[in-house]
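These notes concern the structure reproduced below.
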């Protein structure tokens, strides 16, 4: 029996097809991977299945019945559950409240909390998904939050589970645990649709794979009949260079040195403790770690966006502890921020204004505060050409660009200034494969030209292929360091999950 | 494209608001035709009436611009009224106390003092916003009450002229703004207003200060990232905004009242919000919107006088204009319907 | 000096503070509902004013202040619904639309007052709501003096504080409203009707603010005067923030503001060598100080002020 069957599903946003006549079916009881690059249309497709988006045309069948889904409530009623890429959880509510909302056990409108907690506890035992029912969601780990998400679906008796990029935030070990849970769910008869852009995971977990590219379906194959190279070709449409060409480097002078840095985030309670490292010219230092272990704090402390309590940051032989953001930038800092939409650009500004951001007081773009738009536009044309920025209209605003082009805009702006230290945080997050390749090449080029680069990334493959040295960060502490080739992926995973020897540093 | 859409939306908002106004006039048993005839006549019917419209326009240019500057920096300055009172009060005191100065210099310094006073009064809520995050909407409203009470207190205690009314003495002739057209009360104030519009437009478009103000308004996180001191610019935006509102008070004192009187403003500071919203927070847009509202005010008075329709109707129109302009989606929702009903014509 | 302290801590001052807190607290609780569902409600001021006006109109035409109260609730709800329509359906900026609504309400009430009664400034006197003496409680000293001799709306206010707290924190509906304000998309994915929660909450806030207005015109007085809300809606919004978006906190904050106002009014009664303008500033200054101190620690609903689109 087919749990889900889609025929010729089409969905347009503006003038672009997110989904273009997609046929897609999932057998009951299988784990089916939906594979594709960022922007291939995977999320849109499953949001249509879950009733979050309305299809423009096409037909949806659930358990062989044609259905019309006006909202998630209709999908939930047909026992479809979804675990979203960005968790749909409210930090200020408890785990139980997050799970039961919308289907609360209650009498006369009043919630029966005891009954609710009992139900949640039973479910968590039945599927081996450990959670503390009365904790606030804002205070639990990412792994636990994901378990809450799965429980939300199970609480609503979901038989078909959709997981949208569930591994993006997990360590390799947590991923393994998730896969065990999925196997168990499959055994109890559930159908699972698993969205990912990672080939390795697909091969590990799926019975069948459907590949999307540019809003169209490329094909469906049995996992046992295919291999990663073939999947990659289907996904990208051409041969992909999965390896970056990184030659031996010649490190030069010390550019950045951080010693005994201590910082406490008063809001989240997370601390950076005794951070020590240095980067030389012509070196890429990677920071590995599960998201939320202090990477953002480290990034923003170095960039001057947060003030820290103790220690020294030395950039180009100057202590910059009390330097403002502006002074740091003058002293050689280029910053590619991890959250490009929040920090990196102004969505309503056009390209020229976004490119001059941060240099708007400097010659030749301004003369005593009076802006010189001739120079600014000339600069824009240069960057557009040099970094191959693609945009549709002549006066496009940054919000209209694709993720890859937004990132190129930021990188172009930062690298065009006279700097020798690049703070690159999540430089390839949410951009397509073509842009990833381009950005990787660019970073290597910068390194070979003698810049010092601090690479903070959640992508282990990226870190391993670009970095000369790696640091592993866990709960705000550096728990291991060494040259990249000394770590296996397995070891890195364990270190990121906090399995390290107390007392001494590993490797 | 979107620029024309904005202008279209603004025009539609006015038409809608006047239409609702017409319905209200009808319900209250008056003739819509007569009412709107006098509205138009009062605004543009004679050269005196037109001068009256420009006279009403003048303070709204300043207060509208003040709100617009705030909006451009992401701040909603509802405190125009309090800033206007401080501007008026300090302008009046300077004009009364420094009569030894030559005329033009006296006017200049008096207005400058008024602008400074308005700016300083606005700096407080700006400071609170920057340091504690206290929402400027509520603090500026409270500062309106406090500012009006404070100027009344100072007037009564130190500067009150003899007589039953709480007001200062009259200004000497040389401290008054010269008339622009003789035998109207229209003065050079409106020219000052247009100059200020030009200056603010240039500030926002062509200077790094204006650039940074807009960055803070658009995305405060990106502003921090780019090394802009966001707190400083929040306060600066409020100071500039308050200074312009202060000029509204100053020019009324030097141009129209020729003294400071308590409770003289019929709510210019609040009408400025409608003006700014209608003008899309663009300086030249504000000028146009102020002119429109000036016409409504002048016309509304004629309407009350000749057609016996309360001029508060114009307040209703203002409120509706704000609502309609704030909700552009309203026209997107309505217009497909209109298109459908028209059928073939929609291709034109 | 002792005279001042006597004035401040007299039972009369406290009783007056309870009375004066009533319209602010009603509107503030309205603000709590609205903001918990994610809609910033600056329009409370206009809703109070409209309620006050409708109450007098209702009482004038029917002769019954109770029907006047009903008219206030209806008018407030309607205005709330209108506001919800603009902010939710038409995606208007909440703050701008709220200010527009306030100007509109001021215009309409002043205009209608002239259309209905031909008078500018104030309406003719109508039947106000009678004071009700609570049995048993009135026998208890002090507490009885404070609580037992009030307009029915004061009692309604106390009940509203308690019921609103129950509704928000103990019922399914309350959980759904809170989730909507924190994370509308999460609510949506759980099959919760986000729009219903917002329309319901904003309409309810209008009804509550309207009732607060009715207290001004039929409880404290028995006529309507132009702009008689006099900034209480804004104070209510500040009370809602200071009260941490909780009905009980909102009442406490409203009481604090009103207490300072009551002190201010009573201080004007005794002959201090202090200008009345300075004394009148006290409640406004207090609002600013409290707001500046409170927001440092407070956490508004996470999706406050945003627009959420169901089913793209």
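Letters are used for the chains, namely A, B and C, taken in the order the chains are written, and counting of residues starts over at 1 for each.
Going forward, a contact is a pair of C-beta atoms (placed from the backbone, for glycine too) under 8 Å apart; a residue touches a chain by one contact, two chains touch by 3 or more.
All of these numbers come straight from a predicted model, not from anything done at the bench.
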item	value
Most distant chain from chain C by Cα centroid	A
Comparison of A-B and A-C (more C-beta pairs in contact)	A-C
CA centroid of chain B to CA centroid of chain C, Å	28
Distance between chain centroids, defined by C-alpha means - chain A, chain C (Å)	44
Whole-Å gap separating chain A and chain B, where each centre is the average of the chain's CA atoms	47
Contacting residues of chain B [partner chain A, same complex]	206-209, 211-212, 215, 218-219, 221-222, 224-227, 229
Residue ranges of chain B in contact with chain C within the complex	24, 28, 76, 78, 128, 131-135, 137-139, 141-143, 145-146, 149-150, 152-153, 156-157, 270, 273-274, 277, 310, 312-323, 326-330, 333
Partner chain B, residues of chain C touching it in the complex	42, 86, 89-93, 95-97, 99-108, 110-111, 114-115, 120, 231, 234, 237-238, 241, 275, 277-278, 280-281, 284-285, 287-288, 291-293, 295-296
Chain A to chain C touching residues, read off their complex	13, 50-54, 70-73, 76-77, 82, 84, 88-93, 97-98, 100-104, 106, 109-111, 152
Residues of chain C that touch chain A when the two form their complex	170-173, 175-176, 178-179, 182-183, 185-193, 299, 302, 310-312
